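Note that the chains are named A, B, C and D in the order they appear, and that numbering of residues resets to 1 at the start of each chain.
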Amino acid sequence: MIDKTVKGADEALQDIQDNAVIMLGGFGLCGIPENSIQALLRKGVKGLTCISNNAGVDDFGIGLLLQTRQVKKMISSYVGENAEFERQLLSGELEVDLVPQGTLAERIRAGGAGIPAFFTPTGVGTEVAEGKEVREFEGKQYLMESWLKADFALVKAWKGDTAGNLIYKGTARNFNPMMAAAGKITIAEVEELIPAGELDPNEIHTPGIYVQRIFEGKGYEKRIEQRTIRS
Amino acid sequence: MIDKTVKGADEALQDIQDNAVIMLGGFGLCGIPENSIQALLRKGVKGLTCISNNAGVDDFGIGLLLQTRQVKKMISSYVGENAEFERQLLSGELEVDLVPQGTLAERIRAGGAGIPAFFTPTGVGTEVAEGKEVREFEGKQYLMESWLKADFALVKAWKGDTAGNLIYKGTARNFNPMMAAAGKITIAEVEELIPAGELDPNEIHTPGIYVQRIFEGKGYEKRIEQRTIRS
Amino acid sequence: MALDKTGIAKRIAQEIKNGMYINLGIGIPTLVANYIPDGIEVVLQSENGLLGIGPFPTEEEVDADLINAGKQTVTMRPGSALFSSAESFAMIRGGHVHLTILGAMEVSETGDIASWKIPGKMVKGMGGAMDLVASAENIIVAMQHRSRNGQSKLLKECSLPITGLNCIKKIVTDLAVLEVVPEGGFKLLERAPGVSVEEIMEATEGKLIVEGDVKEVQI
Amino acid sequence: MALDKTGIAKRIAQEIKNGMYINLGIGIPTLVANYIPDGIEVVLQSENGLLGIGPFPTEEEVDADLINAGKQTVTMRPGSALFSSAESFAMIRGGHVHLTILGAMEVSETGDIASWKIPGKMVKGMGGAMDLVASAENIIVAMQHRSRNGQSKLLKECSLPITGLNCIKKIVTDLAVLEVVPEGGFKLLERAPGVSVEEIMEATEGKLIVEGDVKEVQI
C-alpha cells in the first residue's frame, strides 16, 4: 500500500503559499487540526481564505490565525465567540462569507464528489438567496448552490493508517470527512498513526484515496468551550 | 430508544400495495434483501417499479419477481445475466430505464438528502443526456439529474439494532445506505438483530433515523455469481 | 401569570409524540428535553453529528470529542449513532427529523421567522438554523411574546432579516400558545394561566385570531 | 506479430506509476493487475465499494459479501477501505481515481468511446462506464484493433451510441499503441513487434498520424 506518512505538520505544510484556499475541519473547537494550525502560525503564510464552520475563539483554533492577521477571508456558518474576529470584520480587514451550515457541508461534499452545483431549500427568501437561481421542484422552491474546493484541506482524525485511511471519534468527525475529499492536497493529522492493515476496512470513515499526507500529531489540548456537568 | 422490531418480512411488508415504487439494495446478488423479496413473492403485489442497480439472475433475486410478472418497470444501471428480463424487455412487457451507476447512486442519495436536482458530468453527449438540461461550470459540461425516492426501500445489512442502526459487511454495503435514506418506509433485514446500545455508535453505517422497520432475516443463501478462486 | 422559561419548555414537551426524532435549539428548546413525559420515547438529534443525545456528563465522563451543537459536553444514550455534518444535514433537509424546536427574535403572521441577524450589530451567522427551518415539517418556536423593551415579537411582517419563509407552525410564548394558520394570522390556542385574551391581543402586533373560549395552558 | 491479450495487458502495465489509484474494467484491463512492475505501489478501486482489491481468494477465503465490479469473489489487501456506491462514484466523479483502464467497441479520432450498447441487440446497460469516462483525467482503452469481421474499431466517428465524448487519451491494441491528440487523430506511438506501419494504417479508419520512426513495443 502507498505510504503517505510525513514527519510532522511542518513537513506536511511546507508548500502552502500565501493566498491559498484552505479548509479546516472541526465544529467549534471539537475535531480541529491543532498541529496544522500551529504550523501555519510558524510558517506565517498570509492572505489565506479559510473554509471552516467556525472561526475558533480568541486564543485557540483559527482565532490564532486571526490574531496574526494571516486570514483574508472566512467562509463559515457561525463565527460568534471571538472578539478579534468582530474587530477585524467591523474594520473591514476581514472578508466574511456566511453560509448556512447544511449548505456549507453539502457544498464541500459536492466539491469532493465532482458535483458543481445542486439545489437546496435552505435560504429561499432570505439574504442567502441574493443573486442565486431559484427553481421550483414538486411545488417547493429551491436555491442553486455551487461546490467548494480547496488547495489544501487540513483535517484531524482519531486513528489513521499509513495509507491515509481515517477513523474519527465522537462528534469530532463533523466537517472533516467532506473536507478530506475536497482538498487538492489533503493533510491528515491523527492522534494515533498505525501501519496499513491494522484498521478494519469496514470501520473506516475516510478512505485513504482522499489523503495525500498523514502524520501523528502531538500535544493535543482539545479545549472544551462549554464544560457542562451533571450533578 | 424507539423499538422498530417487527417479526419478519411478511409483517414488515404488509402494507405494500400494487404499483408501489420500491428500492432494493444490492450489487449483483451481493447484499440483496433476500427475505423481503420472498415476502413480495408471497404477497403477490403487482405493477411494481423497482429501483435496483441490477435485476438479479433468472432464478434468484429480483429475477424471481420478473418470473412472476410482478414488475412493471426497472430503473437500473446494468441488467445483463437474465434471460427472462431480456424476453420481457423485447416483448414490451417490461419498461426499463437505464441510468449510469454513479448517477443512480447519487440520485438516490439526493432523494434521501432533500436535494431535488444536481449536476454531473456523466452522460454528457450520450443518449442519457436526451431531454436534460446541460450547463457549463468552469469550462466543462454537466447534465442536470433529479432525485429518486421510493414508497418502500428494502435493504439488507449484516448487523442491526432495535433502534434501526445498521452495519453492512464487505461490498454488500453498495446501494443499501442511500436507499435506506430514500424510502418513505425503509425496511431493513439483518443477519443479526441485537438490542439498542450494543453497536458502537462510531461504527454505524446507516443511522436508525432512516429505518422504520427492522427484522432478523432467515436462511440467507448469498449466492455467488462468479466464484473465482486462486490456485 | 405568565409562563417562565420552564413553563414554556413544559408546554412544548406536550407536543412531543412517541417515536419522534427531534432537533432542539439552544436556550429554552434545550430545556424541553427535561420534561418529555414518561413512556414517550424520542431521539434527540444534534446537527454536529449525533443522534441520541443523553444527559450532561459527570466529571469523569467528560469527553472533549463529544459535544452538542451548543458546544456543550454531552453523553450518548444506548442506540446512538455518530455521523458527519453532511449526513446530519442530509437527515434534516431530507425531512427525516420530525420536529424542530427553536428560538426566534421575530415571527410573522405568515410564519416567517427572523432569528440570526441584527443589522448594524454583530453578525454571528445562521449556523444550522436556516437549514432546519427550510426543511422540517413541524417547527415550534419558543420565545418571549415581547422584546425586553416591550415590543411585540409576533408581527405582521418581520423587521429583521429572515431565517426562513412561511415555515413556523406553532409558537409557545410566556403569554400564549399560538398556531400560524395557512391564510395568515396567529390563532390563539391557549393562554398562560391568568393571562387575559386582551393582554395577549395587546402584546401581539400581527393579526390575532380568537375563536370562542380560549382555555388556559395546563402544565 | 500482433500482441495477444497478455501482451496488451503487459504494455498497459508500463503506463502505471507509483502511487496511482486505478479502476480496471472487465476483460483485458483486469489482467493488467498481474503485470504491475515490482516496486510500484498502486491501489485498485472497485466501483461497488472497495479500495485495495487483492488477488482471488483461496477456497477457504471465499466470501459472498466480498466481490469486485465483475461480480467475482476477491480479497482485500492490507490498508483497504470499504464504502457505499455513492461514496465510490464520488471518488470517481471527483477525480480522485488517477487512471481508468477499460475496453471499448469503438474509439473515434476525437476520443469518443462507444462501449455499452448495440442497438437492436440486447442492451445490458452502461453500469459504471459512463461515470468513469466522464470523470477520469487519464483513460486508457484496451481493445483489438479490428472487430471479429475485420472492421476497424478506430474510427473517424463512432457508429454505435457513445459512452463518453472526447475522453480517451491512449489506446493499446493488438497492433499498436496510439495517443488521441487534442486536434483530432490517432498518433502512432509504438507498433507491435513485427507489425508494419502500413498494416496499422490499413487497420485504422480514423486519421493516423505517423511521425518519424515508430519504435516497437517492448514488453
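Please note the rule applied: contacts are C-beta pairs under 8 Å (C-beta built on N, C-alpha and C of every residue); 3 or more make two chains touch, one makes a residue touch a chain.
Source: prediction; values computed, not measured.
*Asks:* Could you see whether B-D or B-C has the larger number of C-beta contact pairs?
*Replies:* Of the two interfaces, B-D and B-C, more C-beta pairs touch across B-D.
*Asks:* Centre to centre, using CA atoms, which chain is the farthest one from chain B?
*Replies:* C
*Asks:* Can you give the whole-Å distance between the Cα centres of chain C and chain D?
*Replies:* Chain centroid spacing, chain C to chain D, equals 56 Å.
*Asks:* Which integer distance in Å separates the CA centroid of chain A from that of chain B?
*Replies:* Centre separation, chain A to chain B: 33 Å.
*Asks:* Any idea how many Å lie between the Cα centroids of chain B and chain D?
*Replies:* That pair's centroid distance is 29 Å.
*Asks:* What whole-number Å value describes the gap between the mean CA coordinates of chain B and chain C?
*Replies:* 36
*Asks:* Multi-chain contacts only, two chains or more: what residues does chain C have there?
*Replies:* 50, 82-83, 89-90, 92-93, 135
*Asks:* Quick one: which residues in chain B touch 2 or more of the other chains?
*Replies:* 106, 109, 113-115, 120-121, 169-170, 202
*Asks:* Each pair of chains that touch: what are they?
*Replies:* Touching chain pairs, listed by label, come out as A-B, A-C, A-D, B-C, B-D.
*Asks:* Which residues of chain B touch chain D in their complex?
*Replies:* Per the stated touch rule, the residues are 27-31, 53, 76-80, 86, 89, 96, 98, 100-106, 108-109, 120-128, 158, 169-178, 205, 222-230.
*Asks:* What residues on chain C touch chain A, complex-wise?
*Replies:* Contact set of chain C toward chain A: 46-50, 55-59, 62-74, 82-86, 88-90, 92-93, 112, 117, 122-131, 134-135, 161-165.
*Asks:* Would you pull the chain D residues touching chain A in the complex into a rising list?
*Replies:* Contacts found on chain D: 18-19, 21, 41-43, 45, 50-52, 76-83, 87, 89-97, 135.
*Asks:* Touching chain B in the complex: which residues of chain A?
*Replies:* Touch list, chain A to chain B: 106, 110, 113-121, 135, 137-138, 140, 142, 146, 167-170, 202-203.
*Asks:* Using the touch definition up top, name the residues of chain A that touch chain D in the complex.
*Replies:* 1-3, 109, 111-115, 161-163, 165, 181, 195-197, 201-202, 204, 207-210
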